[in-house]
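Two complexes come next, and they have one chain in common, chain A, joined by chain B in the first and chain C in the second.
So, the complex of A and B:
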């Protein structure tokens, strides 16, 4: 029924460099009204008009959900990525009109939790900025463990420690500080929920250890938006719309489908939400599945693909789009 | 110009009536001459002026009487309103939604003013003027969900979303078609739908859940559901079955027009912003057969729908006992001529 979410017309109200890699962007509504209320863990999809190309990238909202005069996101510069973060860092300035989506939350707090145990790695800190603000306002019980490469790359570590004191623990890779995960996960009170956001390796490590230590799966929450990976160009036939398209090396399959004027539904554009799931009608080649949505069985079957993050190598691919 | 609220009852002497304007705005649920389940969900957007969709939260001439009936039900049975401890934030979300929508649609009857978290709510039909602190439960006479749903037509279920499922963790349910919040509280989407026949085989619930868990803020959705009720009784709950169940044996050819009511639920689905829950308002509209058949198209179509309804559905909806009497009565108003497409009267 819906392609993505309702859009919001915003203006960039501030751009603040946070450290050598991360810059923060502030958005206000162009009509001066308040922005929609959101819940901690929500993201917005930011539309970037980059020449004749439109990029749509998801970023976690990191402000307090109690203050909707503006939204803030933090973008880590990725010099070898597909260019979205470079566009944000180089071309977005205060006063620029932009379009963002309504907030969507795929990494929601479980409000039944007696305690919220949060594990962040690097830029994965951003959803926890909003969640901790939400919980602090409601007197919630949380503890945040935050791993960063160096103190100077510990984005918002100072702010968090100032706000929450010893509820925040920092770990610096360059000082060889490591989370004692075994001990941390073994010493939590009943009713604790675990949240992890960071690099894929960290998420897998935490989920594996939690499972091994007997944490019920419904108490372990994680957010991992896979950025679409570049790859070799490939051709696709869209059977429903009768089009044949080429997916460029820096382009995702979803972006190529959209560029051809076909609009599959989407929410996260990171292989998580399941909205853009697409049936494969026929193929001769191999899939490069990068999503967290389809089951292993789906991946093996070759009958489905998540065009937001996954690619294809081979002779021919026909999709039901 | 505001709404003229009727003085009427939904019990005992049953003085409930629809004015002629309200008959024409009734949300007749059949757009063709037959009925079968479908995932009939569409975007909940504002509809034509003079319809029940003119505002996304509808207030009508029965508002005051329905709120009085709700207060009577709650006085007898407080468990019709329940909220598990983690649902208070969702209750505030709902309070905001209903106050905003009612004040927007009916400014002559409702006013909301906000100064930060200091809110003032004026409800003129019910004579309420309260100032409170948003988020501070101690500043309201009830919890936020109970407070606002004692002032809003329709039942309300608040569903928590977690583990890829929806959980019935809070609600105000006093105008229900034979289901019980007290029984269903804490259940997930599949558990509380378990009694519905046929739909499971069609995979309807799996698809519906997928749709509902993806409802987005600012994009509510809706669907219509229907059943029939003998006498205009809002509270047809399992708890009170002994009061209304036997009524189904009282239908005669002489009293069909007054006793038998089509009961339509306008169900809508909204994402709640702070709690990330879903609220599911179930707004009940009643119309007696004598009122309904003032629209000849509806009379013809209802005859065909009830006559041809699959037996399992007739049983599930509790129509079995009086269906022959009703079909016979309606058949006299069906000359066999075609009906125009769409829901509305001709």
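So, the complex of A and C:
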């Protein structure tokens, strides 16, 4: 079994629609024991068995790390994605047995910080639900700035404001409310750490501004799970296992490798952790890199690929797997 | 540059201009040359947002070279102790985006870093460059007294008088190397004292 992908047998204990796009799922252990401890920012990979097809998608845990009787995740419905969120919304009901991974944290708080400044966009709010609960329990100093499209799509905005009052600031796109990022970033006390989770455009914008304003890179934390993108089918030869496989248009390369009975390493399945990095032995065609792990140089070299999110278009591809 | 022996032994780099609008330099003696060398690589207008705090030391050189960089402020102080209250004040009022550059002797870098750590800056976020004397600030692990400018191995504790082995074991919190009694078993055994940190 791959590193960090030990499984937990759980049962869906509750399914709660939060708004028109987001539904919350609660999991408990089937044996009634407590779930493993986690820290704010951790995610689990949820296995979705949909007929003969298995999808594995990462979701941030959003409950309080102080309560391990259940895990909760919130899933935003994506009507044009590869179907994982639709499966969760349509087929998952209370009482269903499911399998999830142990929690893994690739977006943890730096507890040496004097202050935690959090910027959330849309469904990117979920890891902050857990982080704020963790910090509030320990008397931590934080401030959360949350941008959502409309008030009704401001998932958990009400809960957060109720819990933390003016430590939570909301910005609604439809009311033309915008974060004054320049001012916000220029007025933080020394020892502040910055955390961003949201759409890629927002993360890039915040990281760029923070860097330009002199925030040291080690004080800026971000998480963006890239969802594997659908694309044209392609063939791959796995040199080590001696197999040739076809990656379907709705399948990720990692999923296709797994479906062929090969057990490659992975952790996040969202192009951020680096576990699935795979060497390219030869290729004739072009890569569609979607990860946040490899450097631009690696991308250009064509020597490496992150099969959890990236694809290929062309005549032939041979991987060291 | 000092050699790395054990993990706590600080390693220093070469100052390089960081992005941002506010830059605070703290330097002593030949540390000024690290700043002037770096200035060559700095973008235009860099020193419009820079403040330099400088302890010239015994030779009293390099003040003019720093003036020529035209920083917003150049503050010349007779000793680190004399500039510390002002430094603490500056750090308390500072915001994220302030970049810190420390250059000169280990004693100065260590003590300025200590003040910055207390203000919440991570040591990995500071630029450091060692220039000049290798003299060490040493804490006697027995009486806890700090002896400044230790250049010999072994060295005498200025407080309790024990003869101490100056270790490479460094404490960022104390900004000092650890000194441990070298002849605890037999005080009459006096190893020769050599100039080790000129």
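One rule holds in what follows: the second predicted complex is superposed on the first by the 317 of 321 C-alpha atoms of A that agree within 3 Å, B and C clash if a C-alpha of one lies under 4 Å from a C-alpha of the other, contacts with A are read in each partner's own complex, and residues count from 1 in each chain.
As a working rule, a contact is a pair of C-beta atoms (placed from the backbone, for glycine too) under 8 Å apart; a residue touches a chain by one contact, two chains touch by 3 or more.
Values in this document were obtained by computation on a predicted structure and should not be read as measured data.
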Using the superposition on chain A described above, determine whether A:38 touches chain B (first), chain C (second), both, or neither. first
Between chain B (first) and chain C (second), which, if any, makes contact with A:192: first, second, both or neither? second
By the touch definition at the top of the document, which applies to A:65: first (chain B), second (chain C), both, or neither? first
Of the two partner chains, chain B (first) and chain C (second), which one does A:218 touch, if any: first, second, both, or neither? both
Compare chain B and chain C by how many residues of chain A each one touches, and report the one with more. B
So, does A:114 touch the first partner chain B, the second partner chain C, both, or neither? second
Scan A:158 for contacts with chain B and chain C and give back first, second, both or neither. neither
Between chain B and chain C, whom does A:97 touch in the aligned arrangement: first, second, both, or neither? neither
Just to be sure I follow: which residues of chain A are touched by chain B in one complex and then by chain C in the other one? 112, 218
In the complex formed with chain A, which residues of chain C make contact? 18-22, 91, 94-99, 119-122, 124-125
List of chain A residues in touch with chain B within their complex: 1-2, 5-6, 36-39, 41-42, 65, 102-105, 108-112, 134, 138, 218, 267, 273-275
Considering only the defined contacts, which chain A positions touch chain C in the complex? 112-114, 185-192, 194, 211-216, 218-219
Spell out the part of chain B that touches chain A in their complex, as residue ranges. 41-43, 85-87, 89, 93, 96, 160-163, 210-211, 214, 216-219, 221, 273-276
